[in-house]
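Lettered A, B, C and D in written order, each chain numbered from 1.
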Amino acid sequence: MDYTLSTVAPIVLIPFFAFVLNAFIVKKFTKLAVAISTGAIFVSFLFALRIFMDFMNVYSVGYYIHKTFTWFDLSAGSHVFKVNMGIYIDNMTAVMLLMVTGAATLIHVFSTWYMHDDPRFGRFFVYLSLFTSAMLGLVLSDNLLSVFIFWELMGFCSYSLIGFYYEKEGAGNASMKAFMTTRVGDVFFLLGILALWSVVGNVTFVDIYKAIGAGAFNNLYALGIPLATFAGVSVFLGTMGKSAQVPLQVWLPDAMWGPTPCSALIHAATMVAAGVYLSLRMYPLMELGHMLPFIAVIGGITAFGAATIALVQTDIKAVLAYSTISQLGYMVIGIGVGSYNASFMHLITHAVFKACLFLSAGSVIHSIHCQEMPQMGGLRKKLPYTFFAMLLCCFAIAGVPFFSGFVSKDRILGDALVLALTNANHIYKLVALLGFGGAFLTAFYMFRMLFLTFFGEPRDHHIYDHAHDEHLGWNSNVPLLILSLFTLGLFYSGSFTGQGEVNLFGSKNEWFSTLIHKPDATSLHHFSEYKAEEFGSVDTRDKVQLTPAVYDENHGMSEHVAHEIHQIHHIGAILSIIIAFCGIFLAYSMYIKKSVNPGWWTSTFANWTKALKNKYYFDDLYVGKIIQKGLLPFNDLLSRFDMGFFDKYAIDGWASVNRWAFTISKWFDNTIIDSGMVDGTGASVRMMNVVLRTVQSGKIQMYFIVIVVVLAGYVWTLSF
Amino acid sequence: MINLGSYLAISFALFVCGILVMIARKNIIAMLLGIELILNASALNFAAYTKFTNNNLDGHIVSLFIIVIAAAEAAVGLGIVIRFFQLRESIHIDDAATLQN
Amino acid sequence: MFTNTLFLLSALVTLGGAVAVVYSQNLMHACIYLLASLFGVAGLYACIGADFLAATQLVVYAGGVVILMLFAIMLTGGTGNNINRYGLEKVAAMGNKKTYFFAGITAVIFSLVILKILANVLKAQPASVLAANEPTVERLGTILATDHILAFEISSILLLGALIGAAVISRPRKERHD
Amino acid sequence: MNSTVVTYLSQSNEFSAVVKWLTTHLGFDATSLVTFVIFAVASLIVVGALATIGGLGTYAERKISADLQMRQGPNRVGPYGILQFLADGVKMILKEDIIPANADKFTFILAPFLCMVGVFATLAVVPFSSGFMLADLNVGIFYLVGMASLVGVGVFLGGYASNSKWSMLGGMRGASQIISYEIPGTITIVSIVLLAGGLSLKTLISGQGGLPQEWYLFHNPFAFIGFFVYFISALAETNRAPFDLPEAESELVSGYHTEYSGMRFGLFALAEYIEVFVVCGVAVALFLGGYKVPFDLGTGQILVDKLGMDGMIAKNIGQVLELGSFFTKTFALYYVVIWVRWTLPRLRVDQLMTLCWKYLTPIALFNLLGCAVWMYAFDGKSIYSIIFNSAAAVAGNH
């Protein structure tokens, strides 16, 4: 495929144009706007699919497309200040594009059912279109600056969609909270971008890689810490905000105020994953800054802590929200333990099954108009397709073999285990512990949710009897089933290129780990050959000369070390299978067989339960301590300074100076300007006026006579 | 008989008639009639010069545009006249001597 | 022979119409004389082979401009308003001796100049052999769509503007009482 | 002088013989003289024939309306009452010619003549047959539109000059209606001019053929719609029902010719009937193949080849066939016009203007654009030839 403007740009532009168009027509032509929006994202999906197939066709690690154009150029002489924008597509981008457009298409279709009765049916799709184009723009971006632009655009969409039901006070507050909390991360992200700019001169991914490979960050310090660390931490703080890592996770549970499809798309599948995606892109920087243990610990705490909170939630969407935070924690663990492609794979698999879970939850909620799990039960007879989809997804997220979640999470946990057992840094032991513990809790709370919702006797017969499953149409079930199909592991672990057998347990020959390589210190020199091309140009890179990607069983390590690592991986895999089934069994015995009484646990660990129900008091901390004790007094102080000093001395003082100057200028004005110049001009004009106004009589015919006579005179003079 | 001189003479006569009408009449519509005469005189001049000099039709183009402009002028001019009549109940040119009110 | 006859007739109609426009004291009649004069101009065009111009002259003036004029005369109350709404006597709408006097002087001044130039032009004009009349429609169309395309587009915009402008200007507006 | 009749007749031997004879006897080249005489005679024939047709139009109107209303109609004067129009004519000529006291005399006398001049001037370019056509101007259709608009001036002046409320209203309605409906009509004509590539009526007709699928009516969908747009505009331009507002007898007595009597009224009526004939003829020329006869019978070449006839006789037969073709189609349309008049009720003024400006004009513009796109996209082929060629191509492949 030849990559030009016309084959890549539509991915972003079609949803964007749909957004622009819909913004105008949505009030009058709601149905049409919805169709345009859905159609646009589907077309964009087709483009993404085409790119993906092309990359699978070439099947080389080094295949990339990098097109740039100059956004603005403020260079003056030798001082170069040029900002380029552009697109950068490599294997990771191609997979990401396919995931985003695919999930977004299905969620659009689902939304046509879910939001159908909503009075702001059309507006929802307007936001969705904008959001999707922003997300796709972020994925396609070749530099951090445009990533930041789209990042903020998504933040806005997230804000609008969380506050979609703005009549409810909670929704408004939640949207504000989400916006403000992610802002903390964004500020640091911007700081990181500036730090990188100061070193590299621009913020293109490839240039940053090149700079890192060339050692440009050596011996540079900012605020007394290495610049690489500074920039890395700043960028990672952006990730923490967007991907809801502790301690900036507080906004994501509240984001569930938004409509469920938007939760599925934004707060589960794509936008929150953008943070992880950014960290993955910036992995060499993280590595250079020696901050991987820090990242791993943050991820571990998030993964485990969110899982514990999810144990006690009764709202079905809250469970899913905390499970999202927890899974994002796993991805961050994956970055921290250097499990680059597993982390990315988890991003993809999580996006699929979490989108499916949210959509299932959405169809449950929409069918029974209730979100509280204690009031559900026995719904599997009423909602068989939903139940089926949710079951598959629960298997996937719990890490049952043959499902996607197992393939990705197992690899992260395996790598964590390897580091825990071999690395000198003991902090990794904690990370592995938190990871495995979180996996157990994940299996438990997901199946708790499943059992409470779909199994047993109906606990609230009123709700059960009024569940109107007949309203479920094709546009609600088909997306669910398609998504649930992709929870199967073989899609991610298989080899699509005929290299070896399809391995369902997925540790060998996967296309994922073959194609997506960690840009670590040893492989950064590849990027020095990468060239950016003009934006409009046709991609002329000779694809035949690229060497096909081959799976290296030893990961480039010596056979002995590789063997040891493989052994640990096997242990990790077995361990995680056992843990998953333990979790499922515990849930089964608590909520189906009822041989273990959950009430005993809550009463025995009452304090813990209380802490969990209050989300570890994070909200209280932020609102009560930081904002009220910290920010408000500071605010008071500032305002007092304003009133007492600035107003009193600076402004009032300036005013008195002015008053004095005014007296002088008034005299000058009155005597010289007014009487002398202005009135003098007036008088002279009036004198001329007396003469001239006889000419301007307003009688057109007089003018005409003058015109003709003057013309005649002019022509007469010319004719000599 | 058909030569440039006769055409120029006719065009000249039309033009002078137009000027006479423009100046002698006090009725705005009558003045517009004069304008039509003047425009036609100039258009005729262009067409004649094309024919009797190099015959390359550029003069015809100019004449065509003059006709176009005359049509536009008539439409807008008469629109203004009718509006003026609505306001003043008169189409006497001397009533139109002020810029406002 | 035939063309000469046509030329003479057209010239007579043109000049006669124009002079009648000057002398007619009835606006409606002046308008009809103008129509005759314009038809004469169309005939003059036809005599020098400007067939498209002649037809355009017919369509635009007979079908459009003159009827518009007639309408305007009707809508503004015909010919008789020598008195304005304040009851003041004014110059007669179709002019009086004084206006004709001024017009005459202006015309004479103008004529002197023009006649001088005309004399120069006619003296310098070589008596060339006339090219035969050819159909101009095709050539005119080609020139219009190639060399003069900008003027063509601008005139189309002008016409659109005139259309909208005329409609907006002459629309009756309600007086606002507030 | 670009007259087709003269060109056609000058092909015959008799023409040159007469010219030769006159030249020898008069002592100067008599070609111009003969030409002029032929032209004058042809013009007289056309004017006379058309006046008769106009007169017969009144008879047809009465007879067809009687048929539609299951009456007898005129049946006393002549066989089937066919001489009724002559009787009416005689009556009108003999009537007293009344000019109202307060009328604008000059305009009052001028108005019916303007109508007549406008209509009869258009006859110069009406293509009766390929040989019988007074003048083949290369701006023919444009000239026709321009001349026909004189009728509007005549109607208006007639209304104004009568110094009567009814006449005034009728005249204003008539003029506004005529200049409004000129726009969709002319735009439609332009779209056909686009298909034919010329303004001359001969060019317009020569692009078509004798058989219906070769007509511009079935050339493309836009031309098909255009025919109806043109026909409706033509009805309105000729003040025919359902657009006969200018003479709406239930409101305006008789509209712009209320005050007219005698032959002046007759001239108005005659102008109207002849104009109907002319616009029907133009519709036929533009859309229905004009004078074309199927299988090249019009040129007579086939008669010469197959039957071995003399060239000129064959041509004359062809001319007669072409005249027949033209008049048949035109009279068919004429019948439709009368039929419409006695079927549809009259529109209101606002409906009339709505129809023109909100429906016909946009449709006509759309058709113009559509025809241009069609010419560009399909290289000027008609829909029939596209289908036929592709079908032939498909059949040829198998």
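The rule is simple: a residue touches a chain if its C-beta (ideal position, glycine included) is under 8 Å from a C-beta of that chain, and two chains touch if they have at least 3 such contacts.
Owing to the predicted nature of the structure, the values given are computational and were not obtained by experimental measurement.
Undergrad: Which pair wins on C-beta contacts, B-C or A-C?
TA: Most C-beta pairs in contact, of the two: B-C.
Undergrad: When you average C-alpha coordinates per chain, which one falls nearest the overall C-alpha average? Tell me, please.
TA: Answer by centroid distance: A.
Undergrad: Nearest whole angstrom, what separates the Cα centre of chain B from the Cα centre of chain C?
TA: Between these chains, centre-to-centre, one finds 5 Å.
Undergrad: How many angstrom lie between the centres of chain A and chain D, each centre taken as the mean Cα position?
TA: Centre-to-centre distance between chain A and chain D: 73 Å.
Undergrad: Using mean CA coordinates as chain centres, what's the gap between chain A and chain B in Å?
TA: It comes to 69 Å between the two C-alpha centres.
Undergrad: Could you tell me which residues belong to chain A and also touch two or more other chains?
TA: 701, 705, 708 - these are the residues of chain A that touch more than one other chain.
Undergrad: Can you pull out the residues of chain D that are in contact with at least two other chains?
TA: Counting only residues that touch two or more other chains, chain D contributes none.
Undergrad: Show the residues in chain B shared as contacts by 2 or more other chains, in ascending order.
TA: Only 19, 22-23, 26, 94 qualify.
Undergrad: Looking at which chains touch, is this a line, ring, star, complete or other?
TA: The chain contacts form none of line, ring, star or complete graph.
Undergrad: What are all the chain pairs that meet the touch criterion?
TA: Per the contact definition above, the touching pairs are A-B, A-C, B-C, C-D.
Undergrad: Where on chain B does chain A make contact in their complex?
TA: Touch residues, chain B against chain A: 19, 22-23, 26, 31, 93-94, 96-99.
Undergrad: Contact residues on chain D for chain C in the complex?
TA: Answer in residue numbers: 1, 32, 104, 106-107, 110, 137-139, 142-143, 145-147, 149-150, 152-153, 156-157, 160, 168, 172, 175-176, 178-179, 182, 186, 198-199.
Undergrad: Touching residues of chain C toward chain D in the complex: what are they?
TA: 1-2, 26, 28-29, 32, 35, 51-52, 54-59, 62-64, 66-67, 70-71, 74, 135, 137-138
Undergrad: For chain A, which residues count as touching chain C in their complex?
TA: Against chain C, the touching part of chain A is residues 701, 705, 708-709, 711-713, 715-716, 719.
Undergrad: Mind pulling up the chain C residues that touch chain A in the complex?
TA: Per the stated touch rule, the residues are 99, 102, 106, 109-110, 112-114, 116-117, 120.
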